[in-house]
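Quick one: this structure, given as structure tokens, is what I'll be asking you about.
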């Protein structure tokens, strides 16, 4: 259910309606829009008694939401959600494309810095790197854990990029929340509802990857899990789905982008690295992702892909990433986007050698 | 890697080889077979120095395993794994078919007992019921939690059936391990590697459901995760996969059964309830599952499916389950199986009214 | 639209209604049932003016059919369609299971006879063999054409089995219609509507295989194409669908059998050879197909599979087919079926050496 | 097998090698490239005796082709195949993007002309329209047949656009070959090998759509069927594949474009209308198709989509097509392409009212 407030409703009106909702045994989610605030009501299995709510000061109307998702819906919030970061021009969902790049896994400090230096220079505003790797085999490299998180915190220090990294359970989420700027939930955990709820109580934006065989509705419902716990900063990500096709590792489904944008106010980015699993497909599909209207890209880059501990076959060489960014910058304006440059001054200053380690400084 | 011991190797020989393996920094998994013991070596990223092992007393040969799965493989253990339960004739993987039945979710004591009474009488040796439900929507009924576990423990008391129920995270696994006889890992968590590892440290058999878009190899690797932590009691379960076909909710892939049985010693059962999602398909597909050679069935039964809090559409009426069991008992002998009767005397005794609640008594 | 006649309607009544329908510019399909005749009306894009029809002698009611398929529907004909063959006890859709067996392709007379002798002895009532092979590559063996048809006509002579073979275009259908007893339309041609219409004008039953990615409704609509042209003898066949799963060549979807049987009166058989693509899966999936309630099996058998010109990997050895038939005969009674024995006397007589070649003698 | 001729080989040398190949019982396909001619040898089941060929004048080397496709392969022809049309600047595979637009089905002259006028003005060089419609139901509108072909021939007359239309069997192909400029083979007929061979003997370029569940290799093999009969003018088309995803009618697989371009010299275009089945997805996916590097687009446009006899839901309004073309023209240069303008003068002249009907004038 959705309580739409009048344009001139006061903060006090909103607080009162929320309090009333809680009194009735539900949960209130006040989400301010450009013109008016909407208050989502969740926790109701069946009908909510709306009578009293409709009569309250500042309430314009009470709408029954028949879709299974509520908080993720454009019914709840007409404007796009824009996720911002303190001290950075980078956003998810704003006019600037979010460019996230880095290695599949953090292997050591030198590797991370070598790659970070290249992707930042080419235009990435976010640095990705795996600390906890969900691997098909228990005997494969599972990531460096907290050590990797520390390395990424230093990358942020030095290059001004914000950090995106995956959490695979409650324990790792705890640490990722401390060190990183965006908590990634991987495709295999898209319906790990316990982890989603935990992410919903975190104080960081959540990058939620579509499961390998998830429908659009299941993806939105997974985001709803996060939002229903109070964390409204969710970024969706298409990363390819499992089909019979064997010329790519997964089938990248770019039609998901406009489909999500119709139904939801949440930003959605594309991962052509996992989405194709083949280096030579990453650049053309990245171009296509920007052209289709995605809010950003997340791309694996490695300076020595043949020696990567995981996913080398799909990682771009830094030179290829440079070229890709040139093409992305040309296509972006056609769809009314641009690639923001993260503060040159700040970056330069950072590079000069500030050694202070600020963990999760932008929370 | 696999160390195959000689037929006459002593327990002392085996211990010594295991100790040596651990000294080398690996993990040893001694798995006794009918004729000889094999010792799996895991934890090695690359080559293991085998020289010293080959020379040890009782060692017949050291085999390099090239398949990604090791402990689940028939290379490791030629004979079928048979999972037994103290005080019960029921098994997974033995000549007796394992029949697991019960409601999707435990709703209250009366519902559980009403259904338990019927399925036990029809021939089920295991009672299933959800305490923790992974639901697509955060606003759907999520299960009664520990209260449901307590109800199921009383069902075990009263009807002599062993209890199978799902754990969805570390916290619920802790409780399921205490109350139930078999810990179920659901399809959506098949690649929740953190949960698999935790299940690998549990002291209960694990029923591992195939993910909706998991390949055979991914399923075996998920089982390998559990086994690599030391829990060798894994039961696999086919529950339908996601395809374009829309006449059933999922496409039940019965060819998985002979495929698994060629490669692995683990038992595998079939869930035609989730595998089809439609009540009228459950009976024919159950017959087919027995005919194809499955080690058992897990079936949703509800005495009032139209009022069920979840999955009513795919739950059999108790009368339908009765009929199904009649048919199953006829097909079983064709494939060399039978449906074991759980001890009438014991059951009768139990029914007479022992009121002591034994939590996890058969561990 | 469907005109249901009264139980006591005369042949004259039926003729008059059909004539009226044709006068109105539609096509009438009178299909007699056990109790009454129903007359399907096709050719109407929109509404049919029913007034006059309802008033005619012998008409009980006029029903608007809202499903896209009409003639294939159980609404049109409640009883199962049973397809019979003159001079044979074999049927599709009767209490007897239809067992169709033989090589993928007819390679020469000796091969055909060697295999025919074995499969007939084991219990097959139908002999299959490709004369026209739809091959993925233009450079692969494409079948012997009419020569193969002649060989199969001699197999019928000698062994009393009816002949099933595929037509791939109008030209080959012309010949198949002359020589064979059942015209097969392969999976790749399931939506070759031009060929379906031609088959609908043929005077032989049509065995219609499900396309690799056909939905249930598309399969029924393909059968509707054949029936709409006046050929009501259609046998459906599940032969596996294309999915991501890689442990079999296709995923055999046994849930299709009960799904079809609910909606349609047409018989449906299963092809576990193409449905799995692996010899070691054919026997267990054949058992499952019988247990699920299929009306028959179509199975590839080759006496020298390693030297077969096509599909050797999925062909059973004759000894394996013998064993399979033993198991099939055991499961059949559980689902109220049996494997009919084709007339020993007739077969013996045939074997004694009638040399006359009767082309299409049993039409 | 492939005979690569020397750069200075004479036409006589080439003829002699072809003659020799035919003498050996194979088929020779001489395909001239920018630097040298390659001669494909097909029709050999096994090894070809190459000795004599290697010794012939002008032969540089004889290469065994191990891929199942030969003539479609870049091994055979390094340069892209460019398909041109007399009296038009339009091409498939050249630097100009091929823009094909028009209604799903030709309904009448006025409809065709109304749409043609708009799409030509917006930039389409090819007009598409169905004369023979492969419809799932035998009772749906099946196209106007030859009448539609005549209307399209008049569209060509009046607007200077070349005509693309589908053939569904030998009979319709005969007529399409007479009237149209490009013969389309639809997705459902991609493995109708008999039709492919017939198209291979036609004197028109063939637009071959990917089957709904065809792999990349199967698509290339279908093209090989056409080429093996001597018609080397094949255009491939991605039109969406069947998956579990339900937010679009099919899943458009843009990764196919770079995958085909690596392996084959044939042009490949994209059909976002069928590929998504939803009007609101056509424009973003068209942009993506151009950005990924496709050689063109084929798009359904209807001036009154709500009254269209088929596929109205996925047809663009002419105004939407105008906007789409504006965006396409902006993205094209980023990937080194442009949208050619078909001769204004000629078009103007045509529009003035030449009434002569030239059937298949550009053969």
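Descriptive notes on the structure:
Note that the chains take the letters A, B, C and D in the order they are written out, and that residue 1 is the start of every chain.
In the analysis below, a residue touches a chain if its C-beta (ideal position, glycine included) is under 8 Å from a C-beta of that chain, and two chains touch if they have at least 3 such contacts.
Everything numeric in this text was worked out from a predicted model, so none of it was measured.
Chain pairs B-C and A-C differ in how many C-beta pairs they share in contact, with the greater number at B-C.
Distances between chain centres, each the mean of the C-alpha atoms, put C farthest from subunit A. Each chain gets a centre from the mean of its Cα atoms; for subunit B and subunit C, those two points are 40 Å apart. For the pair subunit C and subunit D, the distance between mean C-alpha positions equals 36 Å.
Chain centres here are Cα averages; for subunit A and subunit C they lie 53 Å apart.
The multi-chain contact residues of subunit A, meaning those touching 2 or more other chains, are 213, 242-244. Every residue of subunit A that touches subunit D in the complex is listed here, in rising order: 213, 215-216, 241, 243-248, 251-259, 262, 275-276, 280-281, 284-285, 287-293, 327, 330-331, 334-335.
In the complex of the two chains, the subunit C residues touching subunit A come out as 242-244. Contact residues of subunit A toward subunit B in the complex are 42-45, 68-70, 134-139, 141, 168-172, 188-189, 191-195, 197, 212-213, 217-218, 221, 224-225, 228, 242.
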